[in-house]
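In what follows, chain A forms one complex with chain B and a second complex with chain C.
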Partner chain A sequence: MLTRLLSGDGPRSLPLALILLAIFLCLALAPFLFPGTRSVDTAARICVFILLVASYDLTLGYAGIVSFAHTMFFGMGAYGVALASTHLGRGFDALVLGTLAGALAAAVFALLIGLFSLRVRAIFFAMITLAVASAVAVLVSQLSGLTGGEDGLNYQIPRALTAAQKYLDEPVLGVRINGKLLNYYLVFAASTALFLVLLRIVNSPFGRVLQAIRENDFRAEAIGYRVVYYRTIATCVSAVAAALAGSLYAIWLRYVGPDTTLSFEIMVDILLMVVIGGMGTMYGAVIGATLFILAQNYLQGLMGAAAAGLEGVPLLPGLLDPDRWLLWLGVLFVLSVYFFPTGIAGRLRGE
Partner chain B sequence: MTASLLQTRDLAVRFGGHVAVDHVTCDFRAGELTAIVGPNGAGKTTYFNLISGQVPASAGKVLLKGREVTRLPVAERTRRGIGRAFQLTNLFPGLSVFENVRLVIQARCHRGFDLFSMAMSHAEISEAAQEILARVRLWDLSGQPVSELSHGNQRKLEVAMLIALDPKVYMFDEPTAGMSVDEAPVVLDLIAGLKDDVTRTILLVEHKMDVIRTLADRIIVLHNGTLAADGPPAEVMASDVVQEAYMGKALEDV
Partner chain C sequence: MSAPDHTPTMARTGIWQRLEPHLPLILVPLLAGLGLVAIPSPTSWLTLTVSGLAMGMMIFIMASGMTLVFGLMDVINFGHGAFISVGAFVGISILLALGSMTGTPSLWLNLAAVLLAILGAALATAALGLAFEKVIVEPVYGAHLKQILVTMGGLIIVEQLILVLWGPDEIFFTRPEALKGAVTFAGAAIEKYRLVAVGFGLALFLAMRWILRSTKIGLIVRAGVENGEMVEALGYRLRLVFVGVFVAGSALAGLGGVMWGLYQEVITAHMGADLMVLIFIVVIIGGLGSVEGCFIGALLVGLMQNYIAFLQPKLALISNIGLMVAILMWRPQGMMPVVKAK
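And then the complex of A and B:
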């Protein structure tokens, strides 16, 4: 049963299995283990980014396709929900419609970019994705009448998913059972289910062809696989999954803007997460996203505390200034790539 | 005489000013093993590339069972039955030996666009792959990554992948090159075994004359991209031009 759920591709390493189990349990019980708006918010972001990074791993790690348009697809899902909720009014129909429209737009863009540029050299595809993603980002900030421009869009989601809706009068284990909690479990359940779907896809006959193409596209073609079609479908699947992650994010945040979904910084974050976690493993996405977002959220605080504690010591407080957190993240990244070239998941599997 | 399975008509390709294959017209009949000989650089590999599609032809046609395939992409020609093993080993290095063969069988079964089943749950594909690995005596290495195999075993796997493809036209490009004396016979026996099926045709680029003598039904000679001789082995080997130009040299290689 568990084997089928994991598509026969388990962690294959006890430490990896334990870490994954710990992350899963923490996320599943986050509202109860870590009550508080900020920590539940972090948990929801981790869920969304696990899905987003896993969908990127499908193309980068399994098919060997380098794309810089992943945040564009993520943004399409998010803006789909935002625009539908703004124009159709608050409601589940707007959420569903916006999600579907975002996923469809992502699929169509991926199909066009793929068919147009995947038959040529890999570097050309990477450049095209960069160009299209930049153009879309500019367009979104320019069309402020429609998209809210740089300010983004605030909108309302169904009351059933907000803190205003109470489901029980009494808190359970100190946690209020309200729409916000339901919203968290919507994000958690959808991310988990979609992650398992992606895990199935990379272990399907199709997923094996992607790996063959990554290893040797020339030979893959020679044994009868039309490489361009496989690459295009992989790009579409990955784009749809990213768009769905974006929709979940938009439902959770009740806000979208270029900075939360479309920015190039997020694209870089995704790359870092997939590389730190381990490419071509799917589980790497879980570890990479969790570590990265925790670091992003709490490293600054920790550093601030450390800097304050070390006051008076020369040099160190300056180095530990919270504004330098990105520097330390960079150092961590270089060290992890140097010591774990196959990522944390690859390393734990002894590869 | 049986009908031609594969034909090339004035097939030619030029790289810059150099004509690597120069209007070669040749028929390959079912049930026949044709040895292709010629010195290095004669255009043998390029002729294969034109037939299987890795190199687009500058002129001429390739016909499979009478239908033109000259403009079809590589994968489509493969699906129609033109199978190819490569002179320079050309495998999926990071994947296991088993997976390399399994992928070929999966391609042959047209399963590649199945996204939602588990690859390993298709028992018929896995069994067929195991069977091929047993035939080439690689089954004890089936879990190893290909990048860790010896050169000889990589060559064997190269041949195994073509056999797994089960094509109408087999093209072997120097399959035993660089193999040790005890490994080569395994591969040659496999190729000899393929001759039992008279609905296929086999093209074999090979330098060793003793091998050609025992296996080939026919020899064609390529020289500077042109078809220099074509006929039964004894006849071609005896011909003056071939004796002087190639056989003397080729025999020294043995």
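And then the complex of A and C:
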């Protein structure tokens, strides 16, 4: 049953299995284990990013295509929900419609970019996605009438998913059973389900062909697989999954803005998560996203303490300033590309 | 063995066939002409054209190194933007330190200060380029995926180091006295600095063209772009040539960064990463590896951006994507492709 659920691609290593199990249990029981708005918020963010990073790994790790437009697809899903909720009013129909519209838009865009650039040369894809994504980000911040510009959009989601709705009068284990909790479990369940779908896809014959193309596209073409076709489909699937992650994020936050969904910083974050966690294994996405978001939230405090401790030494406090945490992750990123390209997950599997 | 009976006929290639590869050359005047039709007043057209050319020249300076590096060693450097930022910060710091020279309205003192700043920036980014090549790029030759990832990582690190050294705030400053203000020509106000930028860019382009066309090192570089293995077989160490080109390209990026900083009168750590978008568009539409294509592409992008920003401000960046799409439909390998599809 479990093997079937994991598409026959289990962790294949005891430490990895234990870590994954721990992450799964912590996320499944997050509202009860770590009560408090901030920690539940962090847990929801981890769920969404696991899905987002896994969908990125489908293109980067399995198909070997570098895309810089992943946040654009993420943003399409998020803005789909936001715009539908703003214009159609509060309700589940708006959420569903917005999610579908966002996913459709992402698929169409991915198809266009893919057909256009993958046909010529795979390396164009990285440059063209970067250009298109930054153009879209600028457009979104300029069309403030429609998208709220830099301020973004605040909107209402159905009452059943907000803290105002109470399901039980008595708290269970000290946790109030309200709409917010339901919202968290919606995010958690949807992310888990979509993650398993992605795992299914990469372990299907289609996924095998993608890996063959990654290893040697010339030979794959010679065997008779149409490389352009497979690469484009992979890009579209990954874009749809990213858009769905964006919709979940929008439902959870009840806000979208360029900074939370479209900015280049998030793209860099995703890249770091995939590479540090491990390219070419879906489990790498789980580890990468969890580690990175925990680091983002808690490493900065640690660095602040270290910087304060080194007051008076030249340059060092500047290097350890909490705002410079990306510097150290950048160094870690470069080192991991050189020395363990399969990332943490690959290392634990002994690859 | 006797010679074959038939006499070969030497057909001259048609005029169209000989002209066709040079077709992109007319695109720049064509776009300028279209601009003249679309923009109602000729004086604003003149202002916009000069500023478009100035912008194009600066983008060309920054992009030329990148396209050559790709052509020569098939290395795609996403960290190129880091050199732009570092160049701008070093150059502007030198200018600010030379406040006594830039504050006076003497043209020669001002130009000397700018030249010193440009030289300092180019030297700093050349050194950085050498280090970047050794530490970041060399271990990942031949693997595009890793190159993209690692150079991206390098960009993040350098950007963060700038923030450590110069602080997190953007730096505002004013141009040297003699480069402030505008001259009036045929009723159109043209900023002095833009004229200087156009002249400087043109001089650099001509110098680069001369080096590539008329010197031995240029010959080796061009041959290396065309067929690297053959050049190595002839006994040239292409590896060294490549390092040289990489360093020169980094120095040019730093130089372009100073000029861009002077143009905007504000510098930020992420300015290089922002400019990379335009640079990629230019490199792609020019044809990877082609300096001439890069030059034409940069001018097209500069003009397009300025015209559209005047006519439809919100579409400025989208218009460049449109330009790229149109050109790739016409020539999928870019306007003047040099490197055969690898």
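Just so we're on the same page, the second predicted complex is superposed on the first by the 318 of 351 C-alpha atoms of A that agree within 3 Å, B and C clash if a C-alpha of one lies under 4 Å from a C-alpha of the other, contacts with A are read in each partner's own complex, and residues count from 1 in each chain.
In the analysis below, a contact is a pair of C-beta atoms (placed from the backbone, for glycine too) under 8 Å apart; a residue touches a chain by one contact, two chains touch by 3 or more.
All values derive from a computational prediction rather than experimental measurement.
Once chain A of one complex is fitted onto chain A of the other, the partner contacts of A:D321 are limited to chain C, with no touch recorded for chain B. Looking at the shared chain after the overlay, A:P15 reaches neither chain B nor chain C.
In the superposed pair of complexes, A:G309 makes contact with neither chain B nor chain C.
In the superposition on chain A, A:F206 contacts chain B only, with no contact to chain C. By the touch criterion defined above, A:V268 lies against chain C but remains apart from chain B after alignment on the C-alpha atoms of chain A. In the superposed model, A:S7 lies in contact with chain B only, and not with chain C.
More residues of chain A are in touch with C than with the other of chain B and chain C. Once chain A of one complex is fitted onto chain A of the other, the partner contacts of A:I223 are limited to chain B, with no touch recorded for chain C. Shared contact residues on chain A (touching chain B in one structure, chain C in the other): none found. Residue ranges of chain B in contact with chain A, taken from their complex: 52, 54, 73-76, 78-79, 84, 86, 90-95, 99, 102-104, 106-108, 111-122, 161, 165.
Per the touch definition, chain C reaches chain A in the complex via residues 76, 78, 136, 139-140, 144-146, 148-150, 152-154, 156-157, 160-161, 163-165, 168, 273-274, 276-277, 280-281, 283-284, 314, 317-318, 320-321, 324-325, 328, 332-333, 341.
For chain A in complex with chain C, the residues that touch the partner chain are 60, 64, 66, 116, 119-124, 126-128, 130-132, 134-135, 138-139, 142-143, 264, 268, 271, 275, 315, 318-319, 321, 323-324, 326-327, 329-331, 333-334, 337-338, 341.
Residue ranges of chain A in contact with chain B, taken from their complex: 4, 7-8, 200-201, 203-209, 211-212, 214-216, 218-227, 230, 233, 237.
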